[in-house]
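What follows is a single structure, and I will ask about it in a moment.
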Amino acid sequence: MMQLFRRTLRGILEHLYLTVVGAGVIAAALLLIGTFVLVVRNLDGLVSTWNHDAHISAYFRPQTPAEVQVAAQQAIAGRREVASVEHVTAEEATVWMKEQMPQMAPVMDDLGKEALPASLEIVLKPEYLTTEQVEAFAKSLSDAGSFSEVDYGRDWVGRLDTFLSVLRIFGGVLGGLTAVGTLFLVANTVHLAVYARRDELAIMRLVGATDGYIVGPFAMEGALQGLLGSSVAIAMLWALHQSLEGRLATMLPAALGTQELAFLPAPSLLLLILVGTLGGTAVNTVAVVRFLRSLP
Amino acid sequence: MIRLYHVVKSYGDRDALRDVSFHVEKGEMVYLTGPSGAGKSTLLKLLYGAERPTSGKVLIGGTDISQLPAGNLPMIRRNVGVVFQDFKLLPMRTVAANVALALEVIGASEEQLRRRVPAVLNIVGLRGREDTVAGVLSGGEQQRVAIARAIVNDPAILLADEPTGNLDGSMAVEVLEILQAINLRGTTVLVATHDIGLMDRFPHRKLRLESGRAVSERPRR
Amino acid sequence: MMQLFRRTLRGILEHLYLTVVGAGVIAAALLLIGTFVLVVRNLDGLVSTWNHDAHISAYFRPQTPAEVQVAAQQAIAGRREVASVEHVTAEEATVWMKEQMPQMAPVMDDLGKEALPASLEIVLKPEYLTTEQVEAFAKSLSDAGSFSEVDYGRDWVGRLDTFLSVLRIFGGVLGGLTAVGTLFLVANTVHLAVYARRDELAIMRLVGATDGYIVGPFAMEGALQGLLGSSVAIAMLWALHQSLEGRLATMLPAALGTQELAFLPAPSLLLLILVGTLGGTAVNTVAVVRFLRSLP
Amino acid sequence: MIRLYHVVKSYGDRDALRDVSFHVEKGEMVYLTGPSGAGKSTLLKLLYGAERPTSGKVLIGGTDISQLPAGNLPMIRRNVGVVFQDFKLLPMRTVAANVALALEVIGASEEQLRRRVPAVLNIVGLRGREDTVAGVLSGGEQQRVAIARAIVNDPAILLADEPTGNLDGSMAVEVLEILQAINLRGTTVLVATHDIGLMDRFPHRKLRLESGRAVSERPRR
C-alpha cells in the first residue's frame, strides 16, 4: 500500500503536466454539472413560489350559515392535497373588490356588505398541481354541493403545468447532454494522457510488470485527480454562488421570495466529490486497461 | 532451456525468420550473429514474448510461450533479463529507478532494492549517476543502464541485443566479462552482436542468421 | 498549397486517433453550446408569449364621450412603446364582468349597462416591458387626465421583470461557463494531442524545419477538425431538435403558442461552423507554437 | 568551417565539456573519439544548435551559432546533416518519407524528391524498403535510414554520431566509404566513433575527448 502510494506520487511528479490537466478537466466538468444543478435548484425554488399563486376559489352559495362555512373549511383543510385553506367572508370580499377596482366602490357601497359571496381560498401542495389533479380536486368540491362556483384559473394552471414540463424536458436534455458531453471530454483527455505515456507502459510490460502493477498507480492517480478536481469545482461553485448572490441581492426577494440563493446541500457536495473521485479512478483505469490490451 | 522448432516469423510478405530450429542448453552462452536485418532481434522478441511466431514452437524452460495466454507472460519475463537494442529506458526516471523497476515488478523489498541497485550500477561503471534522469545520459551510459536493469534480478535467461554497440573497446570488453561472469553463475546467455573482435576474444558457440535462416557455427579456438 | 494539404492529410492519417478525438471534442463542445442556445431561444419565445399578458388597463372617467375615447385610443396607438390598443366599451366590460363572476350577474343587471367604466387595454412592445418603463408609461397616461384609473398589475410586471432578469443572469452564467469550460476542455485535449506528438515535432525542428513549416499542417488539421466537429454537432443538434419536437408536440401550442420548436437559424449555424473551424485552427496553432517555444 | 573557442558546457554541476578549442577546415574529415560519456555527442549538439555552450564560442562557417536567435537556427541546420546516435526517425512514417523530410524542409520540388530519395536509399542498401514504416525496421536498418536522411540534401557539414554502432563489419566499412566519398565531394565531415578498427582502416585526423577535455591526435599512417 505504502509502495503503491509512493509509485503513484512518482508518476504524478514525473508527469505533473498530465496530472494537472487531468484534474483541471475533471474540475471543469464538475463545475459545469454543479452549476447546472445549482441553477435548476434555484429555478425550482422560484417556480414553487409561483405554485402558491395557483389557488382554488370556492364561492359559497348566498346565505350559507357561518358554521357551515367553517365546517367546510375544516373538512377541506383535512384533505391530503391541501396545503392551506383561507376563509374569506363576504365583508372581506367586498373590501378586496373595492381595493382592486376603485371605480366600483360607489356601486359596492350601494349593494351593502353581503353583495359578494363568501369563499374559501385553497392552496394545494406543489405535488398535486398538475392540470388533471387540480381539475379533479375542483370537481370534487363542486360535486359536494355547498358551493355556487369553484374557480381555479383553468388557463393559468394548465399553462404553468405545461411550462414546467417543457422546462423539465429542456433541463433534462441540457443536463443529460452536459453530463454525457463532459464525461466524453474527460474520458478523451485521460485517454490522451495515457497515450502520451504509451512508451512507458510498453516498457513496464516488457520488464515483467503485471497489468495490476501498472494499473494500480494510474487508478490511484485518477482518484487523486478526481478528489482535487471536485474540490476545486466546489470552491469555484462557492465563489460563483457568492458573487451571484451579491449581484442578485436586490432581485432575490421578489423573484425567489427569499433573501438567499440556495447553494448545494452537503449531501450533494459529497456526491460531487464521490462522483469526481470514483469517476477519475474509473476513467483512468479503463483508459490504461484498454491500452494494455493493445500491447503484446 | 531455449528450444526453437521450425520457427517462421512473417511480417506481411516479409519473412524475418524462415524455419529456424535451435537449442540453447541451461547454463550455455551463445552468440547470435548475422548482418543487419537478418532476424536477430526478431528471434529475441520471440523469446521474451513481444512477438508470436507465425508458425513453429518456442519453448522456454519447457513451456511453449507462443501458446501462453497474455496474462502469464509477465511471469516468464521476470525470469528473462533483456538488454534491448534501443535500451527502452524510462527517460523521465532516474538511473536508479530504471534499474529498480525490474526488481519492483517482482515485488522485491526496499531492503533488496537498496542492496542490489547500487551494486549492479557499480558493476557497469555508473556509480554516482544514480540520481541522473536516464533521458539525458550519453548513448553508452544508457546502454549500461539497460545492462544493469537486465541483470539486477539474476534472471535464469539473459538476452542481450547488441549490448556493446554504443561502447568503446575497453568498455565493451568489460561488458562481455560481466556477461561471462553471469553465465558462469548458471544463467543462460544469448548475445546478439556484430563485433567479431569481441567474439574472437570471448569464444562461445555462435548461431549465425542470414536473411532469416540459421547457419550454425562452432566456436573457433 | 497542394503540398501543405498533402502534408496535413499525412499527419491526419498517421495520427488518426488523435485527429478523431480532436474533432470529437470540438463536436461535443459545440453541441453543448448549441443546445444551450437552442434552449435559451425557445424559452425566450415562451417568455415573450407571456409578456403579451402583461397589459395596461386605462379606465375612462364616467361619461367620457365616445369620440374622446376613440381619439385617445388613436393617440396612444401612435406611441412608439405600444404594440396594440383595444377599446373596451362599458357594455363590453359589463358582459366580461358577468362572465368572470357569475354570482355578480344580478347585481350588474340592476346597475344598468353603464355600471362599469369603458377602458383601453394597452399591450406594450416586449422591449418596453421593464418595470420602470411600464411605470413611466402608466404615469404618462394618468397625467394626461382623461383616465380615472390606470391599472397595470404592478406585482405581475415587477415579478416577471425580476424573473426574466434572474433567468438571464443564470443563463448568462451557465452559458458563459459552458463556453469557457468547453474551450478549456478543447484546448487541453489539443495540448495533449500535441504533447503526444512531441518527439515528432522535436525531430522536425532538428532537421531544419522552420516553425511555419511545422505549424502549417497543424493549423490546417485544426480547421478540418473544427469543420468536421461543427458539422457533427449541427447534425446531432438537428436530431435532438427533431426528437424533442416529436416528444413535445402536444405541449408546444400551450407552452410556446406555436406548433414548432424553433431550430437555430441559418446565420447561427454558419456562426457555429465558423467558430468551430476558426477555433480549431486557433487552438491547434497556439498549442503547437507554445510547444515549439519550449524546444531548442 | 567549424571553430570552437574555449567551449564549456555544464549540466548543473556536471561538466560535459571543459574548455574545448578546436578547428575543422572546410573539406576536412575528422574523427571524434573517447570513452563513453566523454562529451562527443554534447560537442555535436553544440554544432547543430540543440544546446548552447555555457561559455565559449562556436562558429559555423563564420557565424557564432551560440548567439544566433532561435528563428535563424533552421537555416544553419539545413546546411548541417546529422546522423543522430539514437537515429531520431519518425517511427510512423515510411523510410522514404523520413528521408524526404530533410529535402521537404528546404522546399525541394517533387521532382527532386523523386530523384534523390531512391538514389540515397540505394547507397545505404535500403532499396526496396521505401514504403516500410521506419518504426518496425531493425536497428541497423534504422541507422542507415538516419544516414540517408543526413546526406540526402548534400549538406556543407555532415555530423555522424556513432553511425556504425548497429552495423556489422562489412556494412560499417560501406558506411565509412560513403562518408569518405561525400567528404571527397567537399563536405566537411565529423564522425564520432568508438570503432578503432575502422579508424585504422580509414585514417583521418582525430579529436580525442576524455571527461570533456580535448586530447588531439595525429592520424597514424
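When the chains are written out, they are named A, B, C and D in that same order, and each has its own residue count from 1.
Throughout what follows, a contact is a pair of C-beta atoms (placed from the backbone, for glycine too) under 8 Å apart; a residue touches a chain by one contact, two chains touch by 3 or more.
Predicted model only: the values in this text are computed from it and were never measured.
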| item | value |
| --- | --- |
| Set of chains adjacent to chain A and to chain C | none |
| Inter-chain centre distance, chain B versus chain C - centres from mean C-alpha coordinates, in Å | 67 |
| CA centroid of chain B to CA centroid of chain D, Å | 29 |
| Where chain C and chain D are represented by their mean Cα positions, the distance between them in whole Å | 62 |
| Multi-partner residues of chain D (each touching 2 or more other chains) | none |
| Residues of chain C whose C-beta touches two or more other chains | none |
| Chain contact topology (line, ring, star, complete or other) | ring |
| All pairs of touching chains, each written as two labels joined by a dash | A-B, A-C, B-D, C-D |
| Residue ranges of chain A in contact with chain C within the complex | 17-18, 21, 24-25, 28-29, 31-32, 35-36, 39, 42-43, 46, 59, 62, 102-104, 107, 111, 115-117, 148-149, 158-159, 162-163, 165-167, 169-170, 173-174, 177-178, 181-182, 184-186, 188-189, 191-193, 195-196, 240, 244, 247-248, 251-252, 254-256 |
| Parts of chain B lying in touch with chain A, wherever the complex brings them together | 48-52, 70-71, 74-75, 77-78, 80, 82, 84, 88-90, 92-93, 97, 101-102, 104-106, 149 |
| Parts of chain B lying in touch with chain D, wherever the complex brings them together | 11, 33-37, 40-42, 85-86, 136-141, 143-144, 161-162, 165-172, 194, 196-197 |
| Residue ranges of chain A in contact with chain B within the complex | 3, 7, 10, 14-15, 200, 202-211, 213, 296 |
